[in-house]
């Protein structure tokens, strides 16, 4: 990519039609005319910026190199003369004004008492599209909610009269210290929620001594995120394996060189899931004529942001490929997205460092079981088949999905997990309060750990043992019989005693 | 039926009373005076057309030959002179106007993301009576909803690291190729939803390479439906067995001659069910005086559309009759509506080609179990009793009822089904969008299959194995204990952190 | 009680104070001054009629002989001269006017499609107190609703290809023919719902050939009810055993002489239950000063109508007393209210004719199990302990509580019951439509039986066998874990596709 | 603490700033300047009373000696001259006015039919902060509600034909007679609900012959409560063990000297739980500037009333300490808060008098199991391990949490409990009606016992046996599968028959 003569903004501005459509991103001009119909987000949004600077719109929803990767090199037209580019006037809609007012009225962080609160605030202050992308999940979002619900089928058997004056919930994960058995798991497109994107996580993780897993599909570049780390701060890399293994090799070896301490290979996403909440959102500000056109030519453009950024992922990745990874890196290899004991056993037999029992936050296969349920199965079967017990230093089990409380984490630890990944709650934390939000979220977890370690009677993480939980209902997937609505409608609810006058409070 | 001299519309018009009531249907005159009190839809609706052309009203809710079959030949008065018939003026009510406006405002097909969406739109744009007929089910509609709910008690155990670059969900059903393990099952009275009725299904099935099961109670005639098929397109016939076996023989042999590839004998409907939603609808535009008269004479006219068209069905059909079917046709014989393993075993021992585990979409016996639940029982018992396993080419298991997602189908296939029948969703698809709706519905299923084959780690239908699902809760028919409403009303729900001002979004 | 000189209405009218309070009932004068504070319905309602004719108020909520039984003979002051009694002017409140308007607007009986409908109408057209008395149940009314819910945990395994041209659901109960395996069970105070009270049931039972169980606490006298029966019509007697056995003996022997065919001794009500819905009602039109007075003197007057009429019941009734019953009557003896297999076994060993597995419609002990659940236990244990099977002519099992559909009855029959008692639905039927309502209710049951016998594949009652139901969940008393309201409030529900404009129908 | 010269109110009044802040409590002056930032309730509330008499605000939410204990002696400035103190003018807000009006409109006690009713009234008439403190529980309050729900999974198997003319539900607890198997368990800060605080309980307990457990954190002093007892009235002491064992020894020996009959050592609260409903309340009338300051300096002040008063509790209390207790007292020793059979067994082996199976009313560890569930486990395991059965005089089992009905108590007794503790319902009773409320609550329980002893067929407490309950579902912690909201939204609910006109009642 030799130096090119800069183009004039005025020239660019003339390419503002479907027939010839140029856009500017980060000071470079791209000819996207032929790409219009391939753009997973639809052509309309590009045409809105035809001949103009699209950077502000582009940034939050694309990894930094999305355009350079997806567009053939001959369409990279080179830099634009900065001063010649017309400013894009940003029209603030009434809706956006109302949102900004809500941002202004966020409660102070003191009033955030738990991780749920961040989500409640984020839902109010995030842009609709960002909220839809973060919160959406696969199909009917059953697995998404089951991830949380499964923890509710596990109950505690706390010990009493244990000296818990000092309690210590720090632990060691893949050989690295962590102040708690929790890590920040990888989630895509951090800038959708906050201009600093994933850096919010990096900085907060440093302050609280937890490990961050850097996502392949981050909004910030990998190096930005690594650069933001403090000396000695531990980071991992989540990897989507590219069809082009050379690219994957480059990424992995670069990561190792930069000090990454673990490679989490995503195995539950040969294709990124359909997330209808996200897809539905897309239609709200589409031009109907555009839509019907798209409908009539049979091209499917309705897959939301996720599909847009994931076409490089290799659906052909298979067990046999894992040996290759061992040849290119010495980082611990962990499979992320294992969902049955048979596959955990294979990973163990292959000598990998561990597995994450996960269904991708419910965003991939609906009716996949929760990680915590799979954990119970994996621990039982690996004991039966290989005689090993957990937690286990040689082969570590991780779980993610649906975690909102330190008690959830403690349940997972009691059942054999080394650590638990938390994703969306941190996204919601920085989407509403930036880095401070993530710090507060981590602080809340620390507070909850301190409290609950005492209350279950465990001084250290090692004292959290399987007999401290009753998980006998973990496999109960019960749906109540459909209601008898005629009977129920006839039933007159009992009433409490009432105040004499109707000036009741509620 | 020799040629008769055509009657004059004016003459017909004079027979417009309860004492002498003639009507015109498809250009022929019928004396229905004596039939008024037998008409399952009530006499009022006929009297409204006394002396007039009733074709437009008649068509959508009767099979083409209903009137000629039900009325004695001497009441067939012969053709009318077309030009002499007064046009029936159609009054468009405000309600109908509002409905038509809703039809106008349907979202474009692009915005339909799943099969649920068709139902949501159909409910808005269909005529109330049509909606009531399609959507209604038996008694308290418990089985109807359980059919869907049962799938929610089955969860996936997906495999990872399988090369799913290419996935293929086509299959072979009764020796015929199908692009997916799904067929369009038989449902009655297609013209209630769309003027083209069942032809919408035939045409869309052709485009997408799936099999259509033609219903006995179609609004279009059998030959119309077969004629609409493409060369090589596979169709089956659903059969209600007539009390008059000669008629049944004629139908079956005609079907075989026309190339029908499978005969599905309905065995769960010796009498068509009471569907109260449908019955309730009937009263909304009744003349009260008529109703009370009908009430006082003890004649039960309240059975809705279903009963009207089904009086010919033989409640005496029994196992011994099946041998006779083998003598009249060489089509594969399948029993539709098997609901216990003992009967599946009998069918197997009789050498039939298969059974459909079905409860007629919940429209017959309330509290019949779902087909998917019965499937688990049948597979286990036939293995135990006869040592066979499924899917099985010689004796194929089908399931219908409650299916809305490709994941539902995949669950059934994993548990041993050869294919799954889908009914109502296609009705809703053409009721809201005609043939294009059905095509879109099939396309959605294809998309979901592609996605979910990858996500469970199956390259082909054969790779979908029983270990990929956990169905241990399939038999759990749980009703939660009645709520303690006094306790619950006292419980004050926890609140999230709130915005400072009350300008919250939701 | 020798003939007494009739009192003058004017004299009676002067005893209209708390200090001297006389009332007229059915033409006789009673001095109730000393009884005021004992009246279970409170003193206020009596004082309202002090010196006046209280018959109209008295009738619906007392058995005919309540006043003569409860008041010492010296307070029976003898007859009043009819013409001298001032008419009580009945003030029709606005509320009552609205109710009468609702009565006027009842839908015609044709529109009643199931037993639920009667309850829906009755709730609209009954007086509040009557509704409260009929519908109320014990404590939190959990058992009341569980009675119905338990049937929903039983599912059918219907047979196909059975010749069901003719189906017959008549049966023999305690040696008597019944057109269906259903009887009208005993319920108190029929005149609360309709001026003809229990006679509505007698007359309708005659028309439809079912057996009526006459309640001890009927509003009509026993002889009135027996007199209303047709020749050959079968009736039973429900018996509350009096502390004074002589009275009980008189009642029983009178009943036998009048042709009663079975004696059902209530054993689940040594004391009538607290029914708070009924008690709550009482306060709505109390004089607050009266109430606080009553509160301050520590007398408990808050037990509603039930307690008022039941003080004679003997809480000392015990197993040893049953031999005595055998000495005073040859009618079949059945215990009504058995709730555990151990007691059913005792009844069997004592040579009784049967037991009713019942919890008194949920009106006695809350958290008693449903009769249908106890049935499963009883059948299993009596087979185990005594080797007998059910249905059994020598020792018959009955069930009542929560039945609304013929399918419920069929489930009970499949599990071993000879017949099923239905109570409240018939009360609601005559409360909304008098005798015709009860006839319609029975007709609906007949229609449902015909349909469902065909659909499960049973020609006669004997063909309804245990393998036709799956009751493996009958003992599941599951309460869902309390909801996670913070999590749930954050979850944003998926939305369907929407019409373009907001003119949606719903 | 030698006599000091009284200070002048005027002098005190000058210390009314953050820089120098004095307050008057119970006639004594305290310099709280340095304590402002440590005050668990925040500094703002103190500053409001800077230089003034804070007694009225202080009293309900602090144990009497809180200030003397927490403040160094040099900050105790001595008495104030009473007449010189300016009266604090109490401003009655509109909200408070509305509340007082609601107090005025409480229904008469006659209309209170059950324990639920007290809670319904209390919620209307209590101050918000008091309600929040009493009603709140840990985290998502799952355990709090499960405590009640667990009783709903236990069902009765009542006996019939038992002579229940006389029923007696009195019992013996730790060697002392009680009129029922219920005691008033310890709850903190009684003056929040009523100015007489815990004395309401003492007096009502005397009248009804039940035992009161005196809380360490009472609003009234221990001696006040003991002084209020009648001669012979039995009281127990609940003990939070102080880090300073000398204090604990003093308290225990003083209690024994005053006649306390049982020492209940709390073992489930090494640290008092986070109760977010209580914490949330705190923010409603905070000065935002104060809050954000507090937020910025990293001091956590958000722990609500509970933490404020509990910092003395020793989290180091351990099994080994129990021997020491035996050396300082001869009172029976009972552990309050046992939550697993292993710990109950240890207590038994140590020769203690019993254990309370409790999770502190759901206020400590969320997802701790209910006491009633643990009871089933403890009884089974102690029988298995030590061959003992329950109820057992030597080692008594108690349960608390979630009890609202006598039937709940009867279930616990049937399963082996000696008695059941009830807490919040009595708080709500006196918060709405003072001592009379508590008496009424006890009377309701007596009435329910009389009724239900008869209805289950038990003459005495000893006749309540394990076979009278079915607790086979006690361990079922089921969460329904997340709903399929698209499917459910499409389902059109069945409708009842309707009145002709829309003048329906409801």
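Details
The chains carry the letters A, B, C and D, assigned in the order they are written, with residues numbered from 1 in each.
Criterion: contacts are C-beta pairs under 8 Å (C-beta built on N, C-alpha and C of every residue); 3 or more make two chains touch, one makes a residue touch a chain.
All values derive from a computational prediction rather than experimental measurement.
Taken over every residue number at the interface, the positions common to subunit A and subunit D amount to under half, indicating a different-residue contact. For the copy pair subunit B and subunit C, the superposing rotation over Cα atoms measures out at 90 degrees to the nearest 5. If each chain is reduced to the centroid of its CA atoms, subunit A and subunit B end up 42 Å from each other.
Averaged C-alpha coordinates put the centre of subunit B at 59 Å from the centre of subunit D. Touching of two or more other chains is recorded for residues 107, 111, 113-114, 116-117, 120, 123, 140-142, 145, 149, 152-153, 276, 280, 476-481, 484-487, 489-490, 494, 496-497 of subunit A. Chain contact summary for the complex, subunit B toward subunit D: residues 114, 116-117, 119-120, 123, 131, 135, 140-141, 145, 148-149, 152-153, 276-277, 280, 404, 478, 480-481, 484, 486-487, 489-492, 494-495, 497. Of all residues in subunit B, only 107-111, 113-114, 140-142, 144-146, 149-150, 152-165, 405, 407, 411, 447-448, 450-452, 454-456, 467, 470, 472-473, 476-480, 485-486, 489-490, 496-501, 503-506 touch subunit A in the complex they form.
On the subunit C side of its complex with subunit D, the touching residues are 98-99, 101-102, 105-107, 111-113, 116-117, 120-121, 123-124, 139-140, 142, 267-268, 270-271, 273-274, 276, 279-280, 283, 288, 291-292, 294-295, 300-302, 314-319, 321-322, 335, 337-340, 342-343, 364-369, 475-482, 484-487, 493-494, 496.
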